[in-house]
Structures are given as C-alpha cells and as structure tokens.
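Several structures are given next for inspection.
Look at the two complexes coming up: chain A is in both, with chain B in one and chain C in the other.
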Partner chain A sequence: MKVTLTDQEEITVVEVTGDIDSKTAPEFERNAKLATDRNDKIAIDLTAVEFMSSAGLRVLLMVYRNIKSQNGKVILVGVSEDIQDVMSTTGFINFFKIVGTVAEAVVILKQD
Partner chain B sequence: MESKSFPGVVASLDGLRDYVDELSRQAGLAKKATYGLKLAVDEIATNIILYGYEKAGLVADFRVLSEITEQELIVILEDEAAAFDPLANQMPDASDLSKSLEDREIGGLGIFLTIKGVDNFSYEYFNGKNRNVFVMKKQQS
Partner chain C sequence: MATDIRIDYYPTHEQDGIKFRRGHVLPFGATMVPNGVNFSIYSSEAIDCTLVLFERGEDAPYAEIRFPEEFRTGNVYSMIVFDLDYERLEYGYRMDGPFNPEQGSRFDKNIILSDPYAKAIGGRDTWLATPNWDNVYPYRSRLVFEDFDWENDHPLETPIEDLVIYEMHVRGFTQHPSSEVKNPGTFAAIKSKIAYLKELGVNCVELMPIYEFDEWENSKENPVTGGLIVNFWGYSTVNFFSPKAGYAATGKFGMQVDELKTLIKELHKNGIEVMLDVVFNHTAEGDHRGHTISFRGIDNKTYYMLTPEGYYFNFSGTGNTLNCNNPVVRNMVLDCLRYWASDYHIDGFRFDLAAILGRDQNGAPLSNPPLLESLAHDPILAKCKLVAEAWDAGGLYQVGSFPAYGRWAEWNGKYRDSIRKFLKGDEGLIHEIGQCIQGWPDLYQYRGPTASINFISCHDGFTLYDIFAYNEKHNDANGENNNDGGNDNHSWNCGVEGETDDEFINQLRHKQIKNALSILMVSQGVPMILSGDEAGVTKYGNNNTYCHDNELNWMDWSLLEKNSDIYYFTQRILRFRRGHPVLRSKTHLQHRDYVGSGYPDISFHGTQAWQPDFAASSRCLAFMLDGAHAKSGTITDDSIYVAMNAHWDALYYELPSLPNGQRWHLAVNTDMPSGEDIYDIGKEPLLEDQVRFLVGGRSTVILVGK
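Entry: the complex of A and B
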C-alpha cells in the first residue's frame, strides 16, 4: 500500500493505492493524520483500493472525528462496491459523502 | 483437506487473502461472496496474529485447511494460541451501528463483518488448537 498527499489550495487529497489491512492501516492512519493537521477539508481517494478491513474503518472513524472537531469536511472518492457494502453494513456510509472523482470532490469542498 | 501454513505476522495477510481468492475461484464463488470470505478470514487471522500470538509473545505459524465439496467451500483457520472464542464477545447491535461515529465504540466490528461475510461461521477448540470455521455455499447452477 502507498499513500500520497497532495495539497490543492486549501484542500488536501489523500490518495491510497493497494489494500488496507492491519499491516498497512498504521501507514494510512499516519498520513490521514498529517492531512487533517494540515487542512480541515480532506478528500480521501480510494479508487485504487480493492480491499479494506475493519482496520481501515478505524482510520476513517479517526478522520471523521478529527474533521468534525475542526468543523471541516471529508469526502471519499472512488469507493469500490465491495467496500461500500461493508460501509453500509457497519453504518459508516451515512457519515461520508462519496463521489466518483477527485475533481468532483474538490468542487464540493471548495463550495463552503 | 488441503493445508497451507503462514507465519503468524501481519505481513502474511496479503498472501493469505490471495490464497483465499484462489480457493474461491476453484469453488466458483461469485465476486461478492469471495470478498465476504476474504474479509472474514482477514479479520479472524488479524485477531489471531495480534492478540493470540504477538500480544502473548508467541511466535508460531497458523494453518489454513480447506475443502471444496459438492455444495460448499470450507475454510478453517487453525492456530496454537490460548483458547479464544471470537463468538463469546459481545457484538455491536443495530442501535450501536446506527450511532453517530462520534459516539460509537469501535470494538467488535471485525467479528461482526466476519459473521456477515460468510454463510456460516463457527468456532471450536480441538486438540489444543483454535479452529475458526468459515463455510460458503457454492452457487447452484
């Protein structure tokens, strides 16, 4: 798994490539934390993530709490059908906006 | 039964999922069922590795036993850690899962996803080993 952070003005995009499991989640968490320290508007691009276990859900929970406490906003991008199913089963899906592309996410995040 | 061993470390999870992928392919499971099984096996293996082995200071392998019958794919994770029944812990219920992410406890999601992901999950302690048993029904053609 690889994580890349890119700043687009006041927005930080966290791009993840590869599987998120209990081996790789700490690296995802470290980068997500850097992103929320840097900006309160975050897009997490999961287009290139095929698999995410509950270790990844824990990181999303941490991001959600960090962003919420800063009155910021987080959008998930390109979440696979399998991962969306897991997010529905666990009730996570109600708390995240999910869009298809980073460009869409940036437009929405810039609006407010 | 087929059998394959993996070192009890998180670096094994990737290869473990590939192996489950391969077994699912052999059994002809659909894509969604394959993902559910892969997630279930990953969650239970993670618990074995992090709590059964690493936290207890135990260095050991765990084994994947599998069998494809006419109707089912059966996958068994077998480990040498202290007896631990994942079904004995309390699971999140509907009210926990509808709670805001700010208020909810994060524990128990792994076993919850395990049970949701497979057609049947059971646990037994047999011959000094934990056996976590995952069953997937094959699709009727």
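Entry: the complex of A and C
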C-alpha cells in the first residue's frame, strides 16, 4: 500500500494505492493524521484500493470524527462497489459522502 | 500525564520473539490494551495453562506461551501479549489437569480450547461452508473492535404492554429467493426489510438464537429427503458473547459485530426493539460423548451440573446442563447479558428453558435462585425486558410460578393451549378464555398482565396456518420416524389433513387465523406473533423443524400475495391494538367502575348482555372494555366489545348498551370476506342494529363504541 498527500489550496487529497488491512492500516492512519493536521477539508481517493478490512474502515471513521470536531469535511472518492457494500452493511457508509472523481470532491469541498 | 509512560505498557518477558508481561485479572477474556492484548481466563482445577496463538485461518499455531506461575492470581491466569495483529489473531488455550470423569474432571492438554469470554468465533464464518474437519482448533476465539459508533442510539425502553413481538429466525426470514434481498439470510437482509416490519406494525423483533453455534452440529444425510439435516434453529451455544458469523454478510471479513450493531441501530431508529432468544441452559458440548470445545476442558465441574457418578444431568434434553447457579457461571451469565445490553444495545432477553436457571447445582429447584435474583436486580439490565420460557425438559413447569422478583415475564404456554382448544371447538374453556383476554390474573395476580407473553404460535410447534390445517404432526422429514416433536398440538384441520382445493375449508382456515389474531390482539398482556404467520406460511404439518435449512423454515414472501387477505388483516388488527390503549393496561382490570363512568373497566357477556355463560358446554364469550378506564383511567379511549363464537352455528349476541350519545361501530367481523372483515380506525361503519349482532359460526366480532 502507498499513500500520497497532495495539497490543492485549502484541500488535502489523500491518495491510497493497494489494500488497506490490519498490516497497512497504521501507515494509512499516520498519513491521514498528517492530512488532518494540515487541513480540515480532506478528500480520500480510494480509486486504487481493492480491499479494505475492518481496521481500514476504522481509520476512515477516525478521520471523520477528527475532521468533524474541527468543523471540517471529508469526502471519499472512487470507492469500489464491493467496499461500498461492506460499508453499507456495517454502517460506515452513513458517515460519508462518496463521489466518483477527485475533481468532483474538490468542487464540493470548495463550496463549503 | 501522557498515557504511554505507564510501565505496564512495556513487556517484561520474551519467548520466540513474542513479548509479554503479567496481565490484569479482570476483565476475563481478551481485551485490547495499549500496545497489546490482555488475556485472562479462569479454571479452578487446572495445574497449568498455555496461551495458543494462530494467524487467522492457519492450520498450526505460530506460538504457544505457557503462563508463568507468577502470572496466576487465585484461579485466574492473565497475561498481556504485545504487538499482536488484532484483526489476524486467533487464540485459544491448553489446560492441563486431572482426567478422572467419575470425579468430574476432564482435562486434556492436547485439545485447544475456545475462550468462554471470546467476543467472536472463527471457523463457521459463512453459513454451511464446508469446514476443515481435521482442524486442530475448529472454533477459534477472536478479538473484535468494540468502538462501534452508536451516535445517539439508546435502547428504546418501550413500555412492555405496548410491545407487539415478532419472533424471527435470522436466516429463515430472508433466505427464500422470494425475499428478493441482496444478502439473503443475514443481519444485513433484515435491515433491508425494516420498512416491511414497520408496515406490518410490529415494534419488537425477537431473534431466535444468534450466539455463535455450529450449523453442522449432528449434521447427517436426511434418510427421507436425501438432503442435509443441520442445526438450523441454533439452540446449542458454542460461545455466549459472539454473534453468529454465518448470519452476517460480512462474516467472511470478520465484521459480524459491526453488521449486527448496524442492524440494531437502524431498527431502533425505526422504533423497533430487539430481543434476543438466549440459551443459557446448556452448551454445544453435548454429554460425555460430545466434543470438547471450551467449558468441558477448562473447568468441567464448574460449568456443568454433574451426577454423583460424573455424568451430565440432562434437564435441557440436549445432553448437558449449564451449572448456572454456580457463582462463577452465574457471573459469566451476568457478564454476558450486561455485554449484550451495553455493547449491542439489546432491549430484552427471552431465556430458553429458563426453569433450569432456577435449579441448584444438583438440579433441585431453588425457592430463591440467585441467578434469577441477580438478573432481576442488576443495575445495567434494569430497563431490559426479561422473559422466561418457564419450563424445562426435566419436567419443571413454572408458568405462573416462575421466580419473578417483580421483573420477569413469561411465555404463557397456557394461553397458547387454551386459545387453540377454544378455536377448534373444545368445551369447558370459557373460564380460561376469560383469563386469556385479561392477562391471566389467576396466574399473575401480583405481577400484572404484562407478566403474560401471549402467543398462539411460535418457532416450536405448528405455524398459525398449520394449526388449522393439520390434526397431527407430520415430522417424517426430520428423520426420526415422526417420533420427535410434541403431540399435544390442540389443532384442527378444518376437515381435510393438509393442503386442499376445497374452497370452503380454505376459507374456514383463513377465518380461524383471523379469529386467532383478533383474540391475541385484544388480550391484555404482551402479544407475540411468529414471523411468516402474517403470510399464512406452512411447514406442511411439521411441528419441529429445527433441522431444516430449506423451504420448511424459509419464509415464502410470495404468500403475502397469495394470502393477501391474511396479511391485510394482520396489519389492520395490529393497528387496531396500537390505536386502542384500552387494550394495553399495565395493571390488572378490576371488574368495577373506579372512574365514575357507570361501567366497570371490563365486563363479561354472553349471547345475553351481562350474562356470560361459563358452563362447560358453552363456546361463547363476549366482553366489553370501558374506554373511560383506558390505562387505569388516565386517558379516554373508545369502548370495545368483543364477541367470540367458537360454536359452528351463527348466534345472536345481545349488545350491552352504551352511554348516552355513543353508538356501536363495526371494527372486525371475521365471518366477512376480505375488505369487509376489518375496518381502519375512524372508518368503522355504524351498526344499524344497536341491540344485537348475529355472530357467524366460528367467528369473532369486534365493535367500538364512540
């Protein structure tokens, strides 16, 4: 798994490539924390993630809770149908807005 | 102070690269702590204990760590192991100690034992996926994340008298293809049917056992059908703290805990409580010939009631009996229920064969059973509904006498039998029917009507439809030559055994179903219906379908259309109950006027007003509830008059007169065809004849006075 952080003005894009499981979740969490330290508007691009375990979903929820406490906003990008199914079944999906592309996420985050 | 400067966050011991230290004795089980996991387990007799660690799904353990003697406090072994992968870890124990069954000890250090306090079990992650039969450790203890985001959810605490309970099997509810859901047979699928449950009008689902069990237990080829006999119902617990992974669409990802909690949260959002059917009377380990999974190998004498010769008492009818009035086991049961109430937001519990919970360690009934008393007075369970199945397979029958401590309600088996007998036309039941509709004050004089969970059908026995389609059980498919299942069904097939094209008989069956639902919904106490009865489901006369993973247990949703009159009626009669508080008293009715309305709160009638006929030959009873006495006179409702005629002939019932200005309106007449058999609240037609009503043979009529 690889994580890249890119700043687009007041928005930070967290781009993840590879599976997020209990082995890689700590690295994802560390980077997500860096992003939330920098900005309170975050887009997490999961287009290149095929599998996300319970530990990965928990990192997403931690980011959400962290951003929400700063009155910020987080949007997920390119979440695969399989992962969306699991997120829906386990309730995680209720906390997130999900869009198809980073560009869409940036537009929405800029509006706020 | 920064939390990471505590010295116990760092290891003191190391073996094969695994770091560990002395642990905390409480809580029992495996608990995530900073940097590691705290393991704690009790055994009164073990002389040695070893923690066994597996990478998920691997055949062999990657480490075995013996508890150093200094890690034992009393009879508790505890250890913190560092740097474990919470998601990938599976753990168990080896216990060494005496093996002398005649004295009750059955230690075997060759067996890897599951943790009684594990919060999830691996090994049966997908329903009926073929397991590895050579697995050295088939039911593997796992860790779960206990950080579910409940937001502002809270158990609903609906007053028990306002509940309508819907007894449901998680898999049976949606496994049939006609359910048209995405993940059939799962918690997720129930979530997708919440709109249906709301439309039906129930406000509590009672889930048949969801504690981890093994559907493969005692499985074999069905000699009759050639299919597979399995443990479908799940009354055989492998672990009390773990939800059944095979009931979760995400069980294969180990996310059953989140999936179940999400279901409960959504049900609560929609005003529906969740009650669990819990089985604390025995475990899946069977008798002396059974497999050792956990309890038997950890502390046989503590967990089981044993005969003086070291065999298992069998009050449960399943091989063993949990020793639940042993203080250690009692605490486990209490810990377990507290966990489900606090971590899963469960609203109530129904205890399978609960009479066993009142037996002492030698099996004798206790007058003041400590477990039942503890549960009744527990601060965490204080708002939970506690419901007992107040009998056991050892012959202890406590309906009406179950030690209640002001808290416990009971499945009222007498209600079920009386209503069935009355509807089939038996004589001598009028007094009992009078008790049924009042919440059985003869049984529950001091406990009130809410002690009575009223039901006519449940998972055990005939479906509501089959009560009126079969005289006898037809259990051949169970592979026991029709010897299993009860013989006292009190059913009547209406003329032909089983399915028929005879229109008259089919109409009569539908009418009898409507009679049953009507009486159930106008009875004081707490009504419970069996999932599928609203669609007129049949099990083809099988009254003990515990072993079938097929159409015998899968609700056929297409029947909602085929039997649309039953579904329509069920919805409306549930609404009728919800809309009339006079039907839902918290305290017993008093047969007197204590609000000055000129009418007693309840009055009995017969074919003559004010003259009930309690003679043995009578099959007629009517009663009137005075609306001014609703909820002990604190609110005003319409008055309700119910005429029940179990005689085959139509009979005129003289109606009691109403106060000035009020008139009788027709709410229900089960003798009429669909569309005219039940009317929505506010749309009941005014009766032309306010003096008498011709109640059809085997029919029920409900009037509202307003």
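Quick notes
FYI, the second predicted complex is superposed on the first by the 112 of 112 C-alpha atoms of A that agree within 3 Å, B and C clash if a C-alpha of one lies under 4 Å from a C-alpha of the other, contacts with A are read in each partner's own complex, and residues count from 1 in each chain.
Just so we're on the same page, contacts are C-beta pairs under 8 Å (C-beta built on N, C-alpha and C of every residue); 3 or more make two chains touch, one makes a residue touch a chain.
Predicted model, so just to flag it, every value in this text is computed and none were measured.
When the shared chain is aligned, chain B and chain C each come close enough to touch A:R58.
In the superposed model, A:T101 makes contact with neither chain B nor chain C. Contacts of A:S22 after superposition: both chain B and chain C are touched. When the two complexes are overlaid, the chain among chain B and chain C that reaches more residues of chain A is B. Looking at the shared chain after the overlay, A:V86 reaches both chain B and chain C. Common to the chain B-facing and chain C-facing surfaces of chain A are residues 21-23, 53-55, 58, 61, 65, 85-86, 89-92, 95. Listing the residues of chain A that touch chain B in their complex gives 19, 21-23, 51, 53-55, 57-58, 61, 64-65, 68, 82, 85-86, 89-92, 95. In the complex of the two chains, the chain C residues touching chain A come out as 85-88, 145, 147-149, 182-183, 186-188, 191, 248-250, 253-255, 258-259, 261-262, 265-266. Taken together, the chain B residues at the contact with chain A in this complex read 10-11, 13-14, 17, 31-32, 35, 38-39, 42-43, 46, 49-50, 97-102, 104, 106, 109-110, 112-113, 116.
Per the touch definition, chain A reaches chain C in the complex via residues 21-23, 53-55, 58, 61, 65, 85-86, 88-92, 95.
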